[in-house]
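Once you scroll down, you'll see the structures, which are given as structure tokens.
Two complexes, one shared chain (subunit A), two partners (subunit B, subunit C).
Let's turn to the complex of A and B:
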């Protein structure tokens, strides 16, 4: 989480990593997941919140969280 | 405050730009310094001579070769006839002369803020291993060679592709032995021995511009990542970064070697590993980037040099973008004529 906490994120989902100089864009859903991961929420809690906010099944939300986490791993952020 | 006459070289703002215009522009932007920029040029076609909103007056200098008598005499002429309180040399080739004559120039009222000759030699590419080991960063596998046999042996040990570099200038990425041998001969002919053979490392190209006070303290550092470069490898766009490992290594460099003056430290960063590539003992061509994010290093250098108050080192924001662009000016041919015939303009 230490690396995530260093990221600069704006309200439009533009993310800048001040350590590497890399930048990327996340979707609205990604922005929600990223914010909650930075706040220390569990994957299960984030999926639950997504399911309620976007009225999708818990299973879909869990998949979204897992996919997003894999993307962060690819970027060496977790 | 009386007007300060600050000499700045490297005002060749061309496609491979010298650092001078960024340095001069930074000095002009210090509202508390009354600065008259003296452009120190080597060619009448250096664009800075004609950029009168940055450079107030320019002089053509003889090339800094040999013992440098003519070069020094020209500086003293400028001092007597125009004014020259401080010089910020920005080109590698002139630094040894300025360092050698620093005390004499100071006696004549021309101050510099430069590393010692020992420090200058230390950053030679054949000495980087000493530096890297003392500041706890990595150096790509490096072999120093002084013969063709040595080159071939080094290529076996380092592997291909490999970088073949002159001791102070130029570097070529070589994919074959024949390519390496060809560049080896070119480099020896141009710059002499030794030649450096170095492993190619991958990662993000990050650089730091900094200023050491000569007593082990930093007068400011800014880290950047190159986002795009020209065919010559010169930065075209970049972004400020705060890579803590790189910044800590550079702080260690200033502390350990008591570096005096400006410098640029070039690194390759691959995840957690920081490789030292090169140290340049002067401001880089992109040094205005630091000024643009709030750290005016040329101004701090002049203040330190003259014993004026140097404000505390300000922090800078990561994520600020640098974009170089091209521009044109149209001026009277008379300025060119003056530069050619009188050696000064306007």
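Let's turn to the complex of A and C:
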């Protein structure tokens, strides 16, 4: 989470990593996940929150949170 | 009401990098909800997934276009439907209904054409392997036989001897028309004198009469000029044969090889730009014939087009069954159709269309097939928004060579349907089941298992 807390994230989904100088574009739901990860929520809780907020099943939300986490890892953001 | 959901995506931004090929913008994603007015969802619900779908409308339209292109430029044109391109009975029958005779390259294909009611004299028998029995049947039934090699001359002479009459045959040539690599494994080479030697051998034998010339340059020929050079050489050789041996060449079979609007891997330009129109091929061929032939001499011009007629009429509907993220971050999908059904994925980059609009950023993605084989890749790099399991993709054009080369390997082969011109959907081949796989197998008694329980 340490790396995540350093990111500069604006509400339009622009993400800047001051450590590496890389910038990213994140989708609306990705932005929600990023925010909750920074706040220390578990994957399960984040999926639950997505399913409550959006028109998506809990199963799909769980799958997408796991996939998004894998993307963050691949981009060396967590 | 809750807001619509869009899958979470994070994408690294690359600024200032030059990219010759560019990326498809978000709006460039392709959506297809129906084929000829029939919803993709309805097709899958009724016939399952994956599913081969053919359009009668496109098939007839392609035939008419191509036939018009040639018949308005040359007075004696015959189309020979290339069975190997797609020999589903309904497709062949449709082509015969349009006026095509049959072009077959094996005993099996010959039997298929005959079973469809095509008379022997309306069958062109090509190919490097014609078994003696198949040759004899074809001769008895009056088929046009194009000789591929010297041993076939001997085989045909044996048949002539048996029947006690001379046989009219064609000679397959291979020649340099500027297409490389040159297809030299079929027929007799023109430039080296091999073809002339073969004709001499026929004359000497006295049992075969050479009455036609055949030559197929290759496949997906993108240069109309190559056909013009081919035709010039074939006509010149025909004149040489007439002069030297008194043979009268009644037909020039120039094969096929005309491309469809499919995208070859590694070709930057889209097919609509990179490929000449069929009229350009027809014009080049007709002009070359007019120039080379004697005035008033119009031997039959036979075309064995397959791909150009059927490829764009064929679609394959497949379903996403799993989504993955590869270790390098690439988005990956597992579809229920792979190279077992899409043999031409080796050479062509298909048009891949989604069954609905999907929100989210396009990502470089890879689509794998269902086989537990590393080679099973439908597209190794396609820009797609995040897809969900259960979504349908329509892959096209796949009408040529995919069904005929589809494999009974690991998975069952799926159903095929034909959408008629009035929107009716006919099942033209049922999906296979275990009986299709095991019907020909025999179990030695010593391995027979007793029922358990």
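Structure notes:
Just so we're on the same page, the second predicted complex is superposed on the first by the 78 of 78 C-alpha atoms of A that agree within 3 Å, B and C clash if a C-alpha of one lies under 4 Å from a C-alpha of the other, contacts with A are read in each partner's own complex, and residues count from 1 in each chain.
The rule is simple: a residue touches a chain if its C-beta (ideal position, glycine included) is under 8 Å from a C-beta of that chain, and two chains touch if they have at least 3 such contacts.
The structure presented is a predicted model; accordingly, all values stated were derived computationally and were not measured.
Three-chain overlay on subunit A, with subunit B and subunit C fitting side by side and no clash.
In the overlay built on the shared chain, the residue A:42 is in contact with neither subunit B nor subunit C.
Contact with neither subunit B nor subunit C is seen for A:5 once the two complexes are overlaid on the shared chain. Judged by the touch definition given at the top, the superposed model places A:19 against subunit B, while subunit C stays out of reach.
Judged by the touch definition given at the top, the superposed model places A:76 against subunit B, while subunit C stays out of reach.
In the superposed three-chain model, the partner touching more residues of subunit A is C, compared with the other of subunit B and subunit C.
After superposing the two complexes on their shared chain, the closest approach between C-alpha atoms of subunit B and subunit C is 6 Å. Counting contacts by the rule stated earlier, residues 22-23 of subunit A appear in both its interface with subunit B and its interface with subunit C. Those residues of subunit A that touch subunit B in the complex are listed here as 8, 16, 18-23, 76. Considering their complex, residues 15, 22-30, 32-34, 50, 53-56, 60, 63-65, 67-68, 70-72, 74-75, 77 of subunit A touch subunit C. Of all residues in subunit C, only 1-13, 15, 323, 325, 327-329, 360-361, 386, 388 touch subunit A in the complex they form. By the touch criterion stated above, subunit B contacts subunit A in their complex at residues 204, 206, 224-225, 227, 239, 241-244, 269, 271, 318-319.
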